[in-house]
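Dropping the structure in here first, questions after.
All chains are identified by letter, namely A, B, C and D, in their written order; residue positions are counted from 1 within each chain.
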Amino acid sequence: MGEASAVTMAAPPWQRWRSLAEAGLPFAALIVMLAVIIDIRPAVFSYFGFTLLFKLTTPLILAALGQMLIIMLGDIDLSNGSFVGLVTCITALFLTDNPGLAVAAYVALVLAYAAFGLLIHLRALPSIVVTLGMSFIWLGAAVMLLPAPGGLAPGWLSGFMDWRPPLLPLPIWAAIVVALAGHLVITRSSYGTILRGTGDNPRATARAGWSVVAIRVAVYAAAGGLGVLAGLTLTGLTTSGDANIAPAYTLIGVSAVILGGGSFTGGIVSPVGTVAGALVLSLAGSLLSFLQVSPTWQVGAQGGILFLILAGRVLLREVPQ
Amino acid sequence: MSTVRIGPLLPPWSYGFIVAFALWIVTISATGPSRAGGTLVATVAFAAFSVLVGTGQMLVIASGPGNIDLSIPSVMTLAAYLAMSAMHESDGLVFLGLAVALGVGVVAGALNYAAIALLRLPPIIATLAWSFVFQSFAIDFGGEATLKPPPVLAASTTFRAAGIPILPGAVVVLTLIVMVVLRRTVFGRSLLAAGQSERAAYLAGVEVGWVRLWAYALCGGLGALAGYLLAGFTGGAALNMGDIYLMESIAVVVLGGTSVAGGDANAIGIWGAALFFNLLGIMLNTFRFQAGVRLFLTGVLIIAIVALVPHARARA
Amino acid sequence: DGIATGDTSRIRIAFSNSYAGNSFRQVMIRDFQDAAAQAVKEGKIKGYTVVSSNASVTEQASQMQNLILQGYNAIIILAGSDTALNGAVKDACDAGIVVVAFASGVTEPCAYRVDYDLDTYGQAEMNYFASRFGTKPTNLLEIRGLAGDGFDKRLHAGVEKALAEYPNFKIVGQVYGEWTSTVAQKEVAGILPSLPTIGGVLTQGGDGYGAAMAFEAAGRKLPIIIMGNRQDELALWKKERAAEGYETISLGATPSVSQAAFWVAQQILAGKKVPKFVQVPLLQIHQDDLDAWLAKVPDGGVADADFSQALTVAIIDANADHKPIPGIPAPK
Amino acid sequence: MDLVPPGDEGAPPPPPGVYLAVRGAAKSYGAVQALRGVDFAVAPGEIVGVVGHNGAGKSTLMNILAGTVQRSRGDFTIAGKAVGEWSPHEAQRHGLRCVFQELSLCGNLTLAENTRVIHRSLRGPGWRRRAGTLIRQQLDMIFPGHGLSVETRAIELPIGARQMAEVARAFTETDAPVRCIILDEPTSALGHKAASQLLAYVKGLPERGIACILITHRLDEILLVCERATVMVDGKVVAERPVARLSRPTLVGLMGAIEAPHLPASAAAQVAGRPPVVDLPGRDSLDLAIHAAPGEIIGFAGLDGHGQRERLRALYAYSRHRHRQGRGPAVAYVAGDRGAEGVFGLWSIAENLTIRSIRTLRRIGLISREAECDLAREWVARLEVKAPSIDTPMLSLSGGNQQKVLFARALASDAEIILLDDPMRGVDVNTKQEVYKLIRREAEAGRCFVWYTTEVEELTNCGRLYVFREGRARTELLGAEIEPARILETSFGGRDG
């Protein structure tokens, strides 16, 4: 035996189990909540029921994944929600009559995100304030474009969001596909490895010859891209644009990433976990409504659910060393 | 290890004051010099509240990377509600009300830290979850009405001596005290040490847990104090009275020169940033920009300031 | 005409509320609960529920979906957005649910709407100023709601329309008070030093007291502030009236509009023919009613008046017959 | 002495068959001249040792070679071609690899994934498996019996194992063959066995035509494996010699220091009889209780990672707790992992030095600035910390001087028990000598030291040793028993395990 191995090199089996259990936590929470809901209202357990229950999760999942990319770099994005709002405004205003303009606007937005990423990197700025500033910029731009809710999503877009694919409802398919794609790109692929590595130790990847600037810019651009997709799907669902529609996505997205096993220290994120986390959080709201919690305690109960689920994560982690 | 030091001629915290001054000049150049004093007084009066909550937030942020308190608005509201109900608009009970508010704030802060330390939740999540709970408590304690302050409290928060509002003066004194505490007390040093490196602080004999607990408790206490005074200043405790302070408390701290990486606190800078924030709103209103443009310019200015202010960076 | 008496004893009505974070909304929820609980007791409905989303439109949309799943027969909704809930509202209508949107401009045509005529809001404010200032050139300050919000936009549009009729009035300052006293006070205090003498302040409710505090703090004479039915505003008005004969009006929505929406939904399910748009009256308080109202309004609360089933039906009928809608009587 | 003056006209041209060469390389960080014109060359298959005091510029030179730092001046040729802008990627394409002084693995990635980080060609289907095989084989080759799983995330590994993985990773080959490898203090984090395995492997490199640059403060390693040694002082190369003509004293002499003769450890007998200040029971019957009396220097020996540090931490927690309850003397801890556990990077020397003592520096409730400065000045002087003033930022000190400040922090405090956690890692010979003296002096004054170190030589400073194996203190060595061979034997289990 090597000298070091005495203390143990290979992770012991319980550690593997623990990390598996930890990864499974959002799924367990999801299943428990679903079970409670179905128990209260068996009719939910149907194609139609699941369609309605999960309908609004698609944009949330996309936004949360965008947030996840930023958290992967050790940053945080406080502008995510208002960005989605801006995209809904652009979509509802232009996509129907002037698709070229709309697409150009999306590209410009993604570039803007990338540019802010570049600024954060070059000046080593705290992302929390820069993205706070960005949130004002997006919201301001959205209000300038659409001073009050309105506009109309193109028919094909709302049509697509109403589409009833075989076997499973659209939002569930979307969740599966997005989670899988995220898993392949971020967790499995060789380039995802570089991204995660950079989040943990940018110096190490830089020393291995990767351009950390390029990585940050690309990741911010990708986060912007996911924000655009979130805005598009949201417009499809609501059929209109509204500057103030999604500020809540910011903090829900952050919570979803953490719930899904992510960490603010950077480099540790799970796309599958994030998707599950987003589903759990949106289901938490539903659960409260099914449980008919009194209006006074509806907000507080949401805090309670957050504690419950995340505390489970901690209990698993607290296995003695 | 390396430090990047851009030879700044001015300390980082001074930029808020400079920009605030510039905004003030721009504003009064549009409205005429006779308005200068009035604008300043109005700004300072509201900046005082931002400084109170910002100072609490600063203690938390300085206590280590990732530490942040999102429950400030709901603590403000809850404390104000409980204090106002305790006082029943009776002048004799103002100190009781103050004690109630501070007690609520300190307990709330302690609960925040308990969730962070015992459940190992990231502070952003722990304080968010608590803020939901506090909000429900506030609703439960009479959310259907605005609770009035005793006349003495209302009068003292708006009291002026020789035209100068007294409350901001008191907050300036508080800022000075906090500066001394940070530099010259065991708590202050311990806080900054814990904020720079938790492990190094532990091994250097710092009681990291206690120090963080106190940081959160003080943050809760200051938030509660702000809520109590704001209720006096604006004529009552209302459910949504604290909402604007969620992001503002963070922004004034960071724009004031405190590092989000922890271990570095700047109390005086909060004043500069708070003045900047309030004057910005005033200037944009004065020039009657559209709402969208106002928001847009606010964002641009925030980013411009953080991007331009030189800041010390220490990276291991 | 008259109260429809179809059997509704088995129906359940839900209230989807976009935001519960201020006292106005808290009273609104309580009013709904009171009316619904009473209706349950009288066997008029079987059950009810309230869900509030935390100022998040997407959360409200998903709560709408949940209410559909829970099989409610009717949903009354105070929408967080005029258009963003259209998808969810449509889903509910498609599921055969009666949707009554109130105090919000939901544009989905399948929903019934119970709302104020916000044009009359601005009109009433301007008319009152005209009655006070005549054709004298007067500076006004406008306190608006939340930037990007539909209610704010519609109310402001009413103000603009009315303003066109009175060329002597000039809006010299405009701030966003977010219907919150603290915010209004802060914003007004900030802009005030830059403003000339202000004759009147246009408000949207929830912001009048803050504005008054700001004027007071700046050491300025109190202009004519259109009050918003809050007790603190009325009390201030009364105090100023006693001191120097201050005169104004108070105008605003009543939290009990949730009851009107409730009864509209119940009546639709009971078989009554209801127009797609039911205009409900704003609550106006004049100098003469001030004391009566003030005696009735709880401390720190907001002026409110029950919409009974009978009153609601009367309002529906007036709407259907294009007659003037009955106002809310002042308390004795 | 064959000094090579920088920029000297007569500097010999790089001999034929040079793999890489720099001439007149200079680097400055603001006012600090880290390199002041260095000539340095490596032939294919040559093993060159580089030594020098802390802050001499060794790592800076290597960073320039590896492309992670751009030189301010100087010529650079690689494989006969002149190089302008140089980048880590270019360096790797030319077969130049570097194991940096600070660990450069991504903690969240597995060893296999970390291997991917340095190989652009490890992509496409099956890359994970290929990367795993690559690193596993290399680990087997350098550190037989390492017991590492390539699916473990780096963060889960102790520092020694991480260093092993990083070294092995540097030797893995995909498209570009390895031509030259830079090892910057690779053994400072390795245990004895792994270190000797590595040195043995390095010795075999010339046969395969791979050159190696080895930086280490353990001069014996240079003498053992290198063909040539380069000595750096203050950003300049002061000597270059074939190792055959070198001995340890000459090497130390070239660095401008004299190695003090080894003093016998203070006898345990002297302190026997005094009541112990440390008395920590063992975890079970196999585990010895740790006890120590004032004036003693106790050593924690054993192979790297066998529970010494954990016990030291437990000792700290335990003593701290007892002191807080008023049942024991104060305790201080000197961390070896300066960056993560010692230094407060935003603070000055004075603040760093006094943080452990602020309670006693209070006058009417507030920390007295005057008392603080006095204390800091006194200890900066006593330990000869080289700094312009006590208000100098801590991070602008060289590593050795930072370590002195950390020592001063403990010594200036009221602590009677001082725990040393491998505090000499990466410290140059000169500084070490000073610190050894200091420890003895303080022990004589009645303080008690508990000293964990991975360097066996160092343990001879102790009066008594606990040898750790498999997480437990298994053997106690006293007085004359304390000599390297005996320590190693007991570490491996000897006969009594």
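In this text, a contact is a pair of C-beta atoms (placed from the backbone, for glycine too) under 8 Å apart; a residue touches a chain by one contact, two chains touch by 3 or more.
It should be emphasised that the depicted structure is a prediction, and the values quoted were computed from it without experimental measurement.
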> In this assembly, which chains make contact with chain A and also with chain C?
Replying inline: B
>> Please identify the chain with the largest separation between its CA centroid and the CA centroid of chain B.
In response: D
> Across the interfaces B-D and B-C, which one involves more C-beta pairs in contact?
Replying inline: B-C
> In whole angstrom, what separates the CA-based centres of chain A and chain D?
Replying inline: 42
>> Between chain B and chain C, what distance separates the C-alpha centroids? Give it in angstrom.
In response: 33
>> Just the number, please: Cα centre separation of chain A and chain B in whole Å.
In response: 29
> Of all residues in chain D, which are in touch with two or more distinct other chains?
Replying inline: none
> What are the residues of chain B that contact at least two other chains?
Replying inline: 135, 139, 143, 259, 291-292, 294-295
> Which chain C residues reach two or more other chains?
Replying inline: 20, 147-148
> So which chains end up touching which?
Replying inline: A-B, A-C, A-D, B-C, B-D
> Which part of chain B faces chain D closely enough to touch in the complex?
Replying inline: 1-3, 180, 183-186, 189-190, 192-193, 196-197, 199-201, 203-206, 259, 263-264, 312, 314, 316
>> Help me check something: in the complex, which residues belonging to chain B touch chain C?
In response: 27, 30-31, 35, 37-39, 41-43, 45-46, 135, 139, 143-148, 158, 230, 233-236, 238-241, 243-244, 278, 281-282, 285-286, 288, 291-292, 294-295
>> Going by the contact rule set out above, which residues of chain A touch chain C in the complex?
In response: 41, 43-44, 49, 52-53, 55-57, 59-60, 88, 92, 139, 142-143, 146-151, 158, 161, 234, 237-249, 282, 285-286, 288-290, 292, 295, 298-299, 302
> For chain D, which residues count as touching chain A in their complex?
Replying inline: 66-68, 87-92, 98, 100, 104-109, 113-114, 116-118, 120, 122-124, 127-128, 143, 145-149, 152, 156-158, 160-161, 164, 191-194, 303-307, 469-471
> chain A touches which residues of chain B in the complex?
Replying inline: 4, 66, 70, 115, 119-122, 124-125, 128-133, 135-137, 139-140, 143, 247, 250-251, 254-255, 259-261, 290-303, 306-307, 313
